Each structure stands twice: as C-alpha cells, then as structure tokens.
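Listed below are the structures to be examined.
There are two complexes below, and they share subunit A, which is joined by subunit B in the first and by subunit C in the second.
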Partner chain A sequence: MSTGTSRLSVPALPDRWRTLLLLLPVLLLDIGAFLVPMGYLLRLSFTAQTSQGAFVEGSWSTDGYQYVVSSDLVHQIFTFTVAFGVGVTLLAVAIGVVYAYAAWQAERAGRIALLSVAVLSLFTTLVIKLFAVVLVFAPQGVLNDLLTGVGLLSEPVLLVDNLVGAVFGQLYIVTPYAILAVYAVLSTLDRHQVEAARDLGAGRWDAFREVILPHIRPGIAVATVVSFTWSIGAYAAPLLLGSGGEQTTGILISELLLTQFDWPAAAALAVITVTLVFSVLMAILWRFDESGGILNA
Partner chain B sequence: MRKRIGTWLFRVVVGLLVLFLSLPLLIVVATAFDASGAVVFPPEQFSVQWFGALLERPTWIRSVLNSLFIAGGTTVVSMIVGVAAALGVRRFSGGGRTAVVGLTVLPLFVPGIVIGIVLLTFFSRFGLQQSYFAVVVAHSLWATPLTFSIVQASFARFDWQVAEAAQDLGATPRRAFLAVVAPNVRAGLVVAALVAFVVSLQEFIMALFLSGPDTRTVPVQAWNSLRQGLDPLVSVVSTLLLVAVVVLILAGSVLVGLDRLATDA
Partner chain C sequence: MLEVDEVTARYGELTAVDDVSLTVEDGELFCLLGPSGCGKSTVLRTIAGFEQPASGRVSIRGTDVTDRPPHRRDCSIVFQDWALFPHKSVLENVAFGLKMQGVSTAERQERAREALDLVEIGSQAEAAPAELSGGQKQRVALARSLTVDPDLLLLDEPLSNLDRRLRESMQIELKDIQRRLETTMVYVTHDQNEAFTLADRLGVMNDGELVQVGDPATVYDDPGSRFIESFLGSTNFISCRVVAAEGQPILAAPFGVQFRAPIGGEPLAQGDTVVVSLRPERLRLGPGAEVATTAVEDGGVATDEVSVPCSVVETIRRGSSVRVRLSAEETNLFIEVPVGDGVDMTAGDTVALRWTAEDAVYFAETGERYR
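After this line comes the complex of A and B, so read on.
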C-alpha cells in the first residue's frame, strides 16, 4: 500500500531496481547454470560424430538423432525405460496415496511415526537405500534367510540382479516423494467435510472416492510428475540391482558420454528424454492441476 | 464384518509399507556394529571397531570433509539466492511471480542424470569439471527452489507493515530486514538452511558425474566401494549419515513442527 511513498526518506535505489537486484542471483544461477547449459546440450546434439575426440566443434549435423532413430538397441532400451518409468510411477503413486491417507487419518502419535519414516527415507541418500535393498533382498540377504529359515521357501528366490530388484530399488527412491506430495495436499483438507459425508451415510470407501480423491488431485499430479521424472532418469537402481536386461536410457547416455565418447548421440538422447519428461509435465499440468499446485509445491 | 476385514487389510498394508521404508535402514545400521566385517544380519558380535577403522582411511575422511564443505557451500548459495528472490517477488503478482517460480522449479523436473551430464559437458569447456564449484552449483539448482519456497511461505506469514514502520522511523532497508524481519522469520530461515544442507548431503547422481577423486562426496565414495563388493565401512558411513540426517530433521521439527517440515519440503 504505502510502499512507494514511505521509501522517499531512504536514500535507496528506486523500487524497480531494488527488485531487479534481488532477483539477480536467482536469474544468474538458473539462467547461467541451467538454461544456458541446456541450450549448450541442444547445440551439442546437432554436432557431427567423430572417431577423434567427443564431437566436431562448430559442425551442424543430425548424426546423433540418426543414431537414436536407427539403432535397435536404443529403441529397446528406450522402450524399456518408458515402461519401467510408467510402472514404477503407478506403484509409487498408489503407495503414496494409501500411505498419506493412513498418516492423515491416524491419531497424533501414529501420524508422527508415519511421517517421520517418510521424511527420514526422503532425506536418506539413494546409495544407502540401494545398499539396504541389497542387504535385505540378496540371495543370502535377510528376507531369503528368514523365509528359508522358517521353511516357507526351500531355496532362496532371486530378488536382485533382475527386474524385481531394479523396481524395488527405484520404488525405494521415489516413494517418499510421492507420499509427501500427496500428504502436503491432503493436510489442507477440512476433516469436517469427510465427517459430513460419513454422517450423510457415505461409507469409508465412498467418502474416500467422493471427497478425498477429488481434493488430492493436485497432490497426485505432483507425485506422478516427480516419480516419473526420477524413474525415466533411473540410473543407480537398475545399474546396481538390475541385470544387463534392465538397461535404461540414463545408463546408455552415461556410457555414450564417458566410455564411447559419442557426445552427439548422448546429447540427442538426453534432449529426447527431457522433451518426453516436459511433455508429460505439461500434459499433467493441463489435465489435473487447474490451481497451479505444482508450481507451489 | 466386511468393514472390519477392510480396516484390518488396510492396517496390514500400511504396516508393510512402514516396514518396507524403515526396516532396511535399520538393518544397515545394525550391520555397522558387527565385529566380523562380513556385513551380516543379525550381527553376530557387537563391536564398534569399524568406526575406528574409518578414521584410518584417508579416502573416506576426505569424502566426509568434501560432503560437509559442499553441503555448506550449497546452503550459503541457495540461501542467498532463495532469500533474495523471495524478497524480490514479494511485490510481484501474477505473471512475473509465476515466471520466477517457474524458472526456479524447472531444474527439479529434469532427471538428475541429465543435469549431471549437461553440467559435465558444459563445465568441462571451462575446465571446471570435478571442481567443488561444479558440485555446489549443481546442488544449488535443486536446493534453491526449496529454500525459496520455504522462505517465501514464512514471509507470507509476516506482517510487512512492521518493517515499513521501521523504515519510516529511519531504518535503512538492510537494518529493517536484519532487526525486524529476520527475527520474526528466523524459524523459516533455519529450516530452509537445514533442508538445503540435507539436500546436498544426500544428493548422489549429479555428484557422481561432477566430482573427481579430490572432490568426491560420501554417497559417491560409498557407491564406488559398493560397486566393488560389500564393504563394512559403507555401513559405518551410512550410519553416520543417517544419524546426521535424523539430528537435522529433529532440529527442524522442533523449530516448525514435523507437519510443516513434511509439507513444505
């Protein structure tokens, strides 16, 4: 209200310049260290391949994209990655909704316990989580020991170095984000609305479907986008817990970049991945998130 | 009757999920206290010898120091950027605000592996790959949207007319911020800083691509030894890292409550 006039006594910069100055660091960081490098990646994806060095400086070519389009191996890996990403996302969002709902409707102590576990898991580095998955699910791991020990299994089942291991590992990475994204929105729901629905004769499931589910749509949208972004870029989980059959685009990109020194192909693949993620982001923003909740998360 | 079964089924599922999320971490901690060093569970003989062994491994010590240094740097950078931006957009509404918010959250929606390789190729043009600078900048891209949104949320709860009153009484904008605004939003600022620190401490993928032998962080070092086989020191370092994170989360919860920590971050 009084912003313009009250500052006259202060020998400071005009408001507009002050605002610009305050925004300078964020513009510097996000333009200088994100947008410009992304532009560089785009440029890199249009350079020519070469057997000497990583790419031909200053050249224009579609070598990288041609490699991506023509290679069967790349198709196979890309298809697997998308399927893997969609599968993990569906599982993570389902778990997120169930878990967040459980935390929301629990009494105080239960809620604190459930949230603590989710927050701790969120803030634990994925390397520790994957290490933990190895300890639990390996053939000589805790779970197999337990199940063979009590006689449920005659011999250990293989739960790592295959698709199951990769999915478990990736779920372990993304689930906390999904839980907290849904919980953040659910915590703003007025309990009386649910009680009113129950009083009017709605069962627990009906109240969930008619009152809670519509309310948490933005949370589900955020959970979906975050889980999908992380899973489509999966690298560590499939590498450590998968087998050669669970190659993802992320693993392929790093191999092209670091061992084959084929930077145009690596850049092209990265550009395609980012485009895919952003298309999904846009589609979900447009479809689910009328209120702009993603930007406020 | 059907309702009962449904309720019990729900409880069992939630219980399993809690076990799924927490039990593996407890097992990691347990293996750190086993004497044999074979990474077994349950531990056969209690011992803290591997914590001592850690002190004799310079590469691990180095990685711990690197992690602290990089997390500290990320906290400073993302706090300066986040607080300034939150102050800057305060007078914006509509389009300008959305543009700034959109720009800051954008890096969160690009897979870490892509940012890692993008910055690796970009920074190597300037010989900056494997530097502390590279890792701190990368981590700041992810920490800043969080500090920005947490600080912004606590600014929104503050009555800015008080700050204007201070300026009307002759305080400079800087003085008014430090003496009037900062004490009132202190909890928010501390939590933002804690979150930035923890985000950097636990980040792995970008650090993997951007750090070198001298700048390796704990997660990268742990990854490297895991790739070579199970090393009891990974359990030990994981335990220390978990304890650090628990302490920081507790500090944050005491300040603003777990509910807000869980929903803001």
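After this line comes the complex of A and C, so read on.
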C-alpha cells in the first residue's frame, strides 16, 4: 500500500510513519492488555516470599522458580496437566472433525440441528454447564438412571468425581469451539472435489483422507490451538467434576495464591505454563504455515 | 454401451428428470443439450452415481449399475469447475485415480505423464492447480479422468468457463482426442454450437424431459417441436391464420400474404393459428420489383415460392455475416447473409423477401410440430 500519495488534504506522511500510525490502536491494546500484565507477572515471579504478605515488593529472588523446579508435587501436577491438556485436545479435535463432517454431509435440516446444538451449549455459563454435566453423569443422574432402567447396567457407574468426569467436563467446554473451527473451513470445500475423488475410485475413507483432510487442516490447527490452550489452563472442570487426584496447575496456582499466599511461586508456575503454551502454539502455527496454513490465509 | 432406462429423478417435490431413456453406442460422443435447469446435469450425475434415481435403471456395458456407488462404476466425470485437488500437484491430480486402484508410484507417475502429454500440458506436471489458467485446468481435469481409462467419460459443461476462442479450439481438440482414444463420451452443454461441433448424436432436453434425439443435422432440419426450433438457433416465428382448412391448408400471414402450407392430415379449422418458423438462412432477398413479377397463382395464394415486400430497417455487420432487419407491414423479420454476397442495402430500401413453403417449419400454438 505504498502509493506515496495523500488522501483528503492530510499532508503525505512517510510510509513508515503512516504504517505505524495505523498500527497504533492495536499496539496500544497489545501493550495494555498483554505486555503490561505479563511483565507484571514476570516481575512478580522473581520476588521473594514472606510469611506476612503475598510477596516482598521490590525484592529479587528465584525462590518461586526453585520451588516449582524442586517440588515433586508440582512435577506431578504439571505432568498430569499436560497429559490432560493433550488428551482432551486430541479427543475434542477428533470429535470436532467427525461432528463437523457429519453436519456437512447432512441434509439442510439435519445440518442446522447439529450446528444449533453445538452453538447452543455456548449460551450457558461455565458453572451451569458443568452442573449440567453433573446432573447427567452423577450416580443418580439421568444417564445412569436410563442405563439401569433399561437394564444395560445392574448398578450405576461412577462417571463424576474422577478422571472421566474431569475429561467429560472439559470436553463439554472446548468441543463446540473445535466443531465450529473445523466446520467453518469445511463449509468452504467444493463438493465437486469430493465427488471427483469418489468418481476416480476413492471410497468414503479415501476421499476423506485425500481431499477433505488436507482442506480442513487450518480448521484442525485452530481447533487444536483453542482446545489445548483452554485445557492446559483447565480449572473449573477438574475442580468440580474430578476428584482430588485430578489436580491441574490452574488449581495449584489458585491454591498457592489464595491459601498459601505464595505469590512468587504462583507467578513462576504461571510464567512457565504460559511459556509452554506459547511455544506449542507457535510450533503448531508454524508447522501449519509451512503447509499452506493459516498465518497466510 | 450406456443404457439409461426410464430414469426419473426428484429433488423433494421437484421432478428434475422425467422418464428419460437413452442409449449411447460404443465410441460415440453423445451431447445432452438444453437450457439451464432442464435436468441435463442431473441425468449425468445419475449416470455417474451421485444422484439416486426415484425410478429407472442405468446400465454400463450391460451391467446394471443403478445401485452401485460412484467409485464402483467404470465412468469418470469432468466437472464444469474442473474440481482439481488444490493440495496436490498437477501430476498427483492426474495420478489420483491410479493411486486409488493401488498402482505403484512409479507406474502411475509414468501413466500420468503420458496423459498430460496427450493433452499437451506435460510441462506443467509439477505446478499447483492454482498456478494454472482456466484452459490448462481444463486439460488437467480431462487428463485426470482419462488416466483411469474409463469405459465412459462424462463431461458436464467443461468448456463453459473458457472464453470463446479457447472454447472453440478446445472443442476441436476434444473431438480429436475422442476419435483417437475411441472413448465413449456423454457431453452436457447448453451451447448449441458446441453440441453441433462435437456431437455424433445429440439429445435435446427441456423441463426434465428428453424431447428429441438424433444426429445434429436431422435435429436441426427436422425439429420435433417449437421449443427445439427456437432453442437450436435464432429464427423468425410468424403467427398465421388458417383461412382454408381442407387438404393442404391456406395460411394468411399478418403482412397480408396468403400461401399454401405443405402440411396435411392435421385437424385444423378455419381461424386456427399456425406458427411458421422461417430460419434466416433459408430466406432470400431480391430487388423490390420482383414482388410484382412473381407469378401468383390460384387466386392470390402462393403455392410454392412465397414473396413478401419488405422495407429494410437496418443492417448489422456481425463479423462474417450481415444481419438485415426487415419490416413487412409492422411485422419484424430478419435475415442473415454472408458478407460480400453483393448485399447493398440501406435503411428504407424496399426488397422482396422470398422463401419456399417447403423450407418453412410449421407448429401449433401449443408448440407441437405440424407435418
């Protein structure tokens, strides 16, 4: 956009300045909403802890990081959180792809119904959503009543207050986004491409692998990023639907903040988590960018 | 080779294809011609297996394939938008069908290159489809379908996205390839010229029905209905009144001329309307004085040659021909004559428009043909 001519009567600015001026609102938002809080968090993680307050202002210390690096409990929780995030992401993306594909293949009425269901679940708040999961999956809940009622189960199975419940809850939160991310891209696919593949001898699975999958890669990337960033920071779902065993870094950080008043350790853990998520994000984006991905889209 | 037997296809309430039967012989290029929305593409999609007919059967080489999915029919389709796979190179696109057949990488690449050479685009093998022009994409789509060596090649308006010059040269090339490979083709188009250029035989469709099948010349010269006559090329339709119905009826044109129509055995009554089609290329022009000297027999009724005094409204040069717009007592007519045929007229001139009664085609008001 370097035409070098001025519009209206504003005297022509050098191109570089004009670009900067146009970027200013975004830069201000970036600085205010991300850089300043993240900088504060980073600074906080390098302060010393005290028994009186949350942290010692103006102090410098690596106590927070030392705690995070040395504590076995933190290691355990951190490992579980990453595994939980990866697992939920894989499930959410897989469900998202299958669900979006089903919606795309369905006739008009079926498509609207399937997409409405996905969107509708976004209308409720997090807590209501998770209590709905409890109502459905609890030992006296709808699902167990149904299964025991029709005789498929002799007694209720435990689906909440354990890992299954935590995963279900987290999936319930992120899957709609995965579905919509994949569907948005899938809906731009020319159906003739699929027909051409089928026509040239591809079965349904071959056509999916050869034509549909390459097309929806950007959607899968977005679904992965959304699901992973959300799940690695999981807090409510494991807290409400898991047992004490499903502790995530999110829960640990809140505990450090609110019950142990160890702000430097909480901040250090947060910094490490953010760094990890950010690296994974960039890796995914770059990976997909090379194969005609989403940064250029 | 291909047999479509009483196929009816519906989209909900709408009947897109209504009881269509057709047979295509081995090595034949059959064109399905019709205006958009007439159901011709649906017939093609039914043959390919993308639409399930409500009733009727489709057989290829004597095998009933009606209930088979698309990938289990030995036919291949070239789409109007070509539908190349954007994430694959040109070579991978063309090799796709062989990959699905489980042919080894080396062999399928070799055969794909052969196909690309056949359509003269071998130099673009490594390119991505997005880098190609429309004409090149069309060639790749054709090569992709040809590599699987289908019994039947289906083409759904494959040239309609190309500009006219390219389209015309591709028509010739396609015809050459078809002759060389002796591939049986069903070609769908809405363009009469394309159908006439390509087709060994053609079928005209209207409103879901196959209304006439035959070789192009026969269909053009001997149309079965007024729709076909108007769809196959521009013509002059003149509504005439029956003044005498016995034997060969005598018709009165709105411009005052009466003539005997060589149609018989039709239940016509005096006062009925007969629509006469005068193709511009079957009309002739003479100097105005000729009208007076033309022998008018039988009490003012022309029996063989009809001659009408007209005034020239304008002459329009259309490349290699001149279209002359005429007016005969408020009735607008036109005629097309080759440039350099000694046409020297200006607006306002009086000329004699002449035709032979045998050269006109006669229709009922409802559209059916009188013979």
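Just a few scattered comments:
Definition applied: the second predicted complex is superposed on the first by the 257 of 297 C-alpha atoms of A that agree within 3 Å, B and C clash if a C-alpha of one lies under 4 Å from a C-alpha of the other, contacts with A are read in each partner's own complex, and residues count from 1 in each chain.
In this section, a contact is a pair of C-beta atoms (placed from the backbone, for glycine too) under 8 Å apart; a residue touches a chain by one contact, two chains touch by 3 or more.
The shown structure was predicted, so the numbers you read here are calculated from the model rather than taken from an experiment.
Contacts of A:48 after superposition: neither subunit B nor subunit C is touched. Residue contacts after overlaying the shared chain place A:86 against neither subunit B nor subunit C. Touch criterion not met for A:285: it reaches neither subunit B nor subunit C.
Of the two partner chains, neither subunit B nor subunit C is touched by A:147. Of the two partner chains placed by superposition, only subunit C is touched by A:195; subunit B is not. Counted by residues of subunit A touched, the larger count belongs to B, out of subunit B and subunit C.
Judged by the touch definition given at the top, the superposed model places A:214 against subunit C, while subunit B stays out of reach. Of the two partner chains placed by superposition, only subunit C is touched by A:206; subunit B is not.
In the superposition on chain A, the residues of subunit A contacted by subunit B and by subunit C overlap at 203, 292. Subunit A meets subunit B in the complex at residues 2-3, 6-7, 9-10, 12, 15, 18-27, 29-31, 33-38, 40-41, 44, 95, 98-99, 102, 112-136, 142, 172, 175-176, 180, 183-184, 187, 203-205, 225-226, 229-230, 232-233, 235-236, 240, 250, 253-254, 257, 263, 266-267, 270, 273-274, 277-278, 281, 292, 294-297. Of all the residues in subunit C, the ones that touch subunit A in their complex are 48-50, 69-71, 75-77, 79, 81, 83-88, 96-97, 100-101, 144-145, 148. Put simply, subunit B touches subunit A in their complex at residues 3, 6, 10, 13-14, 17-18, 20-25, 27-28, 31, 39, 41, 77, 80-82, 84-85, 87-89, 91-92, 98, 100-115, 117-122, 125, 137-138, 140-141, 144, 148-149, 164, 167-168, 170, 172-173, 198, 201-205, 209, 218-220, 222-223, 226-227, 230, 234-235, 238, 241-242, 245-246, 248-249, 258-259, 261-265. Against subunit C, the residues of subunit A that register as touching in their complex are 190, 192-193, 195-203, 206, 210-211, 214-215, 292.
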